[in-house]
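Alright, structures below, take your time with them.
In the two complexes that follow, chain A is the common piece, with chain B as its partner first and chain C second.
Take a look at the complex of A and B:
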């Protein structure tokens, strides 16, 4: 059995309550940090752990914390990014629902390390149940003396607030999140300055993902060195993976980084294989924004080595073959799934969620969606395929925030790896329209892209 | 120790104050190496970074960290570092990306220059001419809007808006009550007033001047004439509200339009009040100064003769000569 740090007590009844969480060793990290460590020592432990941001970018958390400007007399803020809303990613919601105190404990430890006395958990507006759960948990922690004035008699004060978000995907981008938190339209800011210098209300601010903040609890409890022993290479610790698609057992899993992708998909401990005995056609390893990989490259690198669930392995193989760990939103497609339809679906999402500030994203996401719609519904032209590649190139890297890249990558990678299928949609518009057809039975070119190794 | 930083743009080195953006450093050199800007407006705080037409390649970050920047950057919002090297017109990557941006901007902007009041003064028209394709690859229906009168003097034609946000910044920063902004998101975004309220305050007319395309127009001038048939004259008056320094646009003896004076980058020198703009259209209201200088590159310059000279920046630089070969050939012909 794999080691679990965040979901260790997930099956304990009423673990969402303060009393049960405390009985299971909860809030030890707060006691240890506030009573025996200095803020700098907490930062040092997180640095030693090698923890990388779990929101998608994978930037080292300890290093991010050390960038925080510390001018005298100016407030500093910690903001938890709980705006999770990318298709395929639902692990933060799971954590907040079932073990809210893990996040609150992490917020106290992290706020102490950063010298923040007011912190916010910014939750996507639609997640009302999670907002209520967190509010209740904060009240419990405050009653027990873990929040408010003079926490545990250490002289450290912290107020923690839950803020419902604007209900837009873009509000998960850290600077758009800060704009939204300030009560403005959720448009990304142009960087620099980065939030570590001028963030919330112009003050130094750290924005961290739910899972990253929760991971500071086992890091402080066991020590950064101990945490760094888990995992592989620069991918240390455990990671929550939200697995969806055509899997026997989709769900949220905690894995030790470095687990082979093949084992994750086919082992009974994890996803239990592809549903209905079908073959694997493709995977999206880290949420809808990362490049899609065909079955053979999902399981093996270009040089034949097994692909591992780690930041490095999933991106290896060059841009032409690599993908990304992203937020850990793992989606599996079986052989009957239509890549064009799926790409259109992703594209539809990014078109809908573009904030509209910068021209390439505002206009380009809509353009791609319309062309994909045309291809999927039997009106496409062969030239549309190259047009899509070209438009995605025009968006990628030319926008204010990464939403442009997130919109471009799924389209570009789908065409790179499944061009046959796009061409089939042009050549066989009637067959491709019928979603009841098993694609593998009717599209000979598509079968070529399906791995025969599993 | 010098308090200036050195930056090299397209092979030309200039010393600028720390904190200067690449765009403004390029403007200190002048000529064709100045990136275009549709949303940046030096007089409006926080503007820029949105339209992406000013993107450039930073091939060397600084003397201390010579690594190139991984992506093209918006020159209007990226500050220079000592030893930075930037490529604008000498980078094929930049030219291609910029043409992509122009293509995107033209998706929802009609090419109705023959009837648009901004024709002849339109930055997008110039940009489209320099970087645009001969035909569009976009085959879908464009978005359309009804024209809206926002107040008795200004008309909003959202069809033409490229969402540069300049008018929103203007209303935010120089008027005392902003009643318009951006509604919706993505390509559904639109400039609108709060339930179609009138924009009515002393400086509201400036939103017309900052609009780079023909989305916000002066109702007192609409369709009265083509701008290149008018004669711009600098004039001033003793105004209690603003500086009173304006440009009068004459047709014969009639003043058809009054605007703020603009610099070589098409940005107003000083914002003017609505009284000067809309209510003072008699020559007797003004002290006439001299004909407004119009750049050779503008269509408005036709009938306002001026000698066409090759830009000095280009004359001494072989790389720039090559990059500007087409333009230079035109110059030689003249």
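Take a look at the complex of A and C:
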């Protein structure tokens, strides 16, 4: 059995309550940090742990913290990014639902390290049940003296609030999140200045993912060096993986980084294989924004070595033969799934969620969605395939925030690995429509006009 | 954008005003605009949608310009700028849910309710729409119903029919 740090007590009844969480050793990290460590020492432990941001970018958390400006007389903020909405990713929702105090405890430890006295958890608005769970947990922690004025008699003050979003994927980008928290549209800011210098209300701010913040609890409890012993290479510790798609047992799993992908998919300890006895066709390893990989490259590197669930191994080979760890949103596709249709679906998502600030993203995502739609529904031309590659290249790297890249990569990688399937849609438009999908909401008007003529 | 279809006077309840005042206290002095998104959620939960009059009232409450409220309300997907059914069934239509049947479920919902996406049933009870990823990909297909945003997971056509029947009886 793999070691679990975040989900160790997931099956304990009522672990979502303060009392049970405390009985299981909860809030020891707060006591240790506030009573025996200085803020700089907490930062040092996180640096030693090698923890990398669990939201998708994978930037070292301790290093991010050490960038925080500390001018005298200016407030500093910690903002938790709980705007989880990347297709394929649902680990933070799971953690907040079942062990909310793991996040609250991490927020206290992290806020102390950063010298923040007011912190916010920005939760996507659709997660109203989780917002209520967190608000209740915050009230419990405050009643027990772990929040508010003079926490545990140490002289440290912290107020913690939950902020609901309004329903916009772009608010998962940290500067868009800050704009939204200030009551504005979620348009990403031009960087620099980075939030560490000018973030919320123009003050130095750190924005961290839910899982990153929760991971500071075992790091402080056991020490950064102990945490760094788990995992492989620069991928230290454990990682929550959200598994979805055509799997026997989809769900949220905590793995030690370095687990072979093949074992994760087929072992009974994890996903239990592909549902309905089908074969694996492809995977998306880290949420919809990362490149899709065909089955062979999902399980093995280009040189034949096993592909591992680690930041380095998943990206091995660059975009030619690799993908990315991303947020840990692992999607499996069985042999019956249509790659063109899935690519269109993801493309529609990014078009819908583009904030519209940068022309390449605003216009390009719409173009890609439309071209993919006509390919999927039988009106595509062979030249459309190269057109898609061209448009994706013109979006990638040409926008203020990474949403443009996130929109471009799934399209480019799908064509790179499954070009023959795109060509089949052009050559066999009627056959390609003969799927088991529901069509009434998308295609009825044009499906009737499909012609097999050129 | 904001085609004014209804301009009835709007009255906020005492509880809504009290809740809004409590929300404003979460932010530093002078940064009350941060309360805009949470307050719009509260207003929508009470009134069912955000009419121009309701948004003007929020602007007045927060001492900001009405346009600052309109531009936010129209940017985010959760705010309704026109009246909806009493129950808005929001089906996740994004990748992982589609792999396990979300599109067929949406087709079924359209047939069951007899209205297209974003339309309201004649009795005013239901509207439905497809929404982008609801972060429950491992339990799809899923749908949610505001204002509590209750989740219904691992759905099939029968479960959706039962849910609609239960809501009709409420």
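Observations on the structure shown:
Heads up, the rule we're going with is that the second predicted complex is superposed on the first by the 436 of 454 C-alpha atoms of A that agree within 3 Å, B and C clash if a C-alpha of one lies under 4 Å from a C-alpha of the other, contacts with A are read in each partner's own complex, and residues count from 1 in each chain.
Note that a residue touches a chain if its C-beta (ideal position, glycine included) is under 8 Å from a C-beta of that chain, and two chains touch if they have at least 3 such contacts.
Here the structure is a predicted model, which is why all the values come from computation and not from measurement.
By the document's definition of touching, neither partner reaches A:289: not chain B, not chain C. Of the two partner chains placed around the shared chain by superposition, chain C is the only one that A:164 touches, whereas chain B remains out of contact. Once the two complexes are overlaid on the shared chain, A:201 sits against chain C while remaining clear of chain B.
In the superposed model, A:209 makes contact with neither chain B nor chain C.
In the overlay built on the shared chain, the residue A:387 is in contact with chain B alone; chain C does not reach it.
By the document's definition of touching, of the two partners only chain B reaches A:360; chain C does not. In the superposition on chain A, A:119 makes contact with neither chain B nor chain C.
In the superposed model, A:347 lies in contact with neither chain B nor chain C.
Once the two structures are superposed, chain B and chain C can be ranked by residues of chain A touched, with C on top.
Shared-chain residue A:397: touches chain B; no touch with chain C. Note: residues 168, 185, 352-353, 355 of chain A belong to the chain B contact set and to the chain C contact set alike, using the contact criterion stated above. On chain A, the positions that touch chain B within their shared complex are 168, 170, 185, 190, 192, 351-360, 362-367, 370, 387, 393-394, 397-400. Across the interface of their complex, chain A is touched by residues 26, 28, 31, 33-38, 40-41, 62, 64, 68, 71-72, 75-79, 93-96, 98-101, 103-108, 110-111, 117, 130-140, 144, 146-151 of chain C.
Within the complex, the chain B residues that touch chain A are 48-53, 55, 70-72, 74, 77, 79, 97, 100-101, 103-105, 107-108, 137-138, 140, 162-163, 165, 181-182, 184-189.
Against chain C, in their complex, chain A makes its touches with residues 75, 84-90, 92-93, 118, 120, 124-129, 161, 163-169, 180-186, 201, 242-246, 250-252, 288, 329, 331, 333, 337, 341-342, 345-346, 349, 352-353, 355, 436-442.
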